[in-house]
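Shared between the two complexes below is subunit A, which has subunit B as its partner in the first and subunit C in the second.
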Partner chain A sequence: MRLPASLAALLLILPAATAAEIRPGRDFLSPELRALQEDEARHPGMLWVEQGEEVWRRTPALDKPSCAGCHGDAAGTMRGVATRYPMVDRASGRLLNLELRIEQCRMERQGQPAFGYESPELLALTAYIAYQSRSLPMTVRIDGAAAPFFDAGRAFFHERQGQLNLACSQCHDDNAGRRLRGDVISNGVGTGFPAYRLEWNAVGSLHRRLRACSLGVRAVQFDYGSPDYLNLELYLAWRARGLPMEAPAVRR
Partner chain B sequence: MAALILATSLEGGHAFSLEPYRVVADAIPEPLGGRVGDPRRGARILRDREVGNCLICHSLDDPSERFQGELGPALDGIGARLSEGQIRLRIVDSLRLNEATLMPSYYRVEGLRRVAPQYRGKPILDAQQVEDLVAYLASLRG
Partner chain C sequence: MFNARVTMKPEAAKGEIVEIRTVARHPMERGNYPDAAGRMVPRMIIHSFRATYGGEEIFRMELGPGVSANPYIAFTTVATETGDIVLEWTDDSGFTLTRTLRLTVAG
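What follows is the complex of A and B.
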């Protein structure tokens, strides 16, 4: 078959990887950090996973079930769960990420006060549950009730903001792979979170990471669990569809 | 990510009024408010991570600066490529030249969205800092 000359020329110009290709976070890591992320014996975030397993089995009060009491062995029942979050909660119509779903179980089914966003218990449980989906492909839904949340997240991602007037997309779509001081900019997918960051010396949530990017462009930092970051999280998860869950990842 | 420019607390500041300026073609020919720039201060502002922090995106042949950026053009020899007025407009408001630019507008307050409260109504750099940078960059001719 003969291609029209203009199309043939276009094919020659197009690089193998187009700008639209979204790559997993680990592809942008230094060899040392990637090795650390892949070696569970040395991975500092595994401590949080172990603590999460403890909380999973702990009976919160005399007459209340533990997480394991309802869900059994997480290795089976929680496998793949994190790849579907954030999702819309049918009863309330709210968009929930994994952290907020855990808090909902804690309050409604265990009758306990919420752990609180970024508390050690919630980070540990989230890391533990996300770990059960490690290397499985992301599969969030963006149709039906999720559509308005998704649209808002996508708009936020592409909107310039802050005193530096930069959009997420200008760094994470247009400049992925380039250096910004000591960092290599990745595609900014959220699939590694909760992640162990050297800068934090601890595991932290995706919303904590998003707050750092907001601060970086001197924009308003939204609260943990705020609608703005939840919508953004849904867009990021869809953008990463098919990519492997990396949580808990290791990051700079 | 290290903050592009770290918060220098500006809370409770009063409304900032910018010096008016005149754009001719792709340049601002006159210094902002008639100020005289100091190239040595400019060199510090450019490198300082809490002030200009220009090397987060740009590079410069300076082995003492270990981590430099690669999002913007190298600034070596910029004074030979661009006039002072052209450099000034690019620092003040690159958006006027390229509406898709990544280069922040360092001396502009309007048309911004969701600015953190402590920075609202203020430009990233003041007129003297802009002039110091212009004087420094114009001196890079090698």
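What follows is the complex of A and C.
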């Protein structure tokens, strides 16, 4: 395989993994981080999960139900939900990820102002709901109303971008397993997000991670919740079909 | 936001070694360097952690500015009799976060 010069300059050349198979994020972690991800007593992301449970039970206003007021015990009612996102909202025809679905309930069913993307409450609730699907396989739909979003996401993934003129696929398909600036390049699946990143010292969303990859190739960083990243998120979720949810994962 | 998670089994046999594992949510801002605007970032860390069991101190630890954010602290104690284990994290603002866990000792 010939590497683009811009990428060859960045990579510490190691034998590349065979690109055919998409492996979960945890397979690319150091043994230390993998152990941390699997040990809930030590995993800092569990602080966000616990905060999410508090927000889930909190009454937002006197006459408004809590999330639990309508949905009951998340361990039952939210189990498997995160594996089906992003999905098309039937009423509006929009593609929603888990964050935006939560915001929809917040605004339409609790009558409250949106938490805001990347706010502590939304991250905590998303981590809490995603946690209810930990180790369940991803199962998003890409047919019917989802098809145009999926096609746009797939095209984006393979499109060269930014000053470095690199596509997502050139790192996450062609060079998975190689080292880049102290990281091992994974297959770039989103199943670990929201994730606790040591670099952030906090839990952050998938879109925050995508913004970091966009910046890495000096391309446009899209907004949190932007259509471009939502389409990409759907493609990533399909690429990861059958892989276990890891959220909240631990990452470098 | 300063909070903590504690993992400990709630029951133990007399004489058993009980492990107490904690993660606190704290930025552990080591401070003393200028931010982008040139102002000094103040230090803000958890500087001490203390645990008591039935009122008696069983563990104490001082933390320095080199400790990373959201520190993990684990220690063990020997189950003697049923009582409360009280954990206290104190930071530079003078705030102390307290968590109390009941340990029930059989036999």
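Everything below uses one rule, namely that the second predicted complex is superposed on the first by the 234 of 252 C-alpha atoms of A that agree within 3 Å, B and C clash if a C-alpha of one lies under 4 Å from a C-alpha of the other, contacts with A are read in each partner's own complex, and residues count from 1 in each chain.
Here is the rule we go by: contacts are C-beta pairs under 8 Å (C-beta built on N, C-alpha and C of every residue); 3 or more make two chains touch, one makes a residue touch a chain.
What you are looking at is a predicted structure, and each value in this text was computed from that prediction instead of being measured.
Residue contacts after overlaying the shared chain place A:Leu215 against subunit B, while subunit C stays out of touching range.
By the touch criterion stated above, A:Asn201 is placed in contact with subunit C alone, subunit B being left untouched.
Of the two partner chains placed around the shared chain by superposition, subunit B is the only one that A:Arg179 touches, whereas subunit C remains out of contact. In the superposed model, B is the one of subunit B and subunit C that contacts more residues of subunit A. When the shared chain is aligned, subunit B comes close enough to touch A:Arg160, but subunit C does not.
The touching residues of subunit B, counted against subunit A in their complex, run 1-5, 7, 55-57, 66-71, 95, 102, 104-105, 112-117, 119, 122, 124. Taken together, the subunit C residues at the contact with subunit A in this complex read 1, 3-5, 7, 21, 23, 25, 27, 68-70, 72, 74. Interface residues of subunit A, counted against subunit C in their complex, comprise 40-44, 46-47, 50-51, 120, 198, 201-202.
Residues 159-166, 170, 174-175, 178-183, 212-221 of subunit A touch subunit B in their complex.
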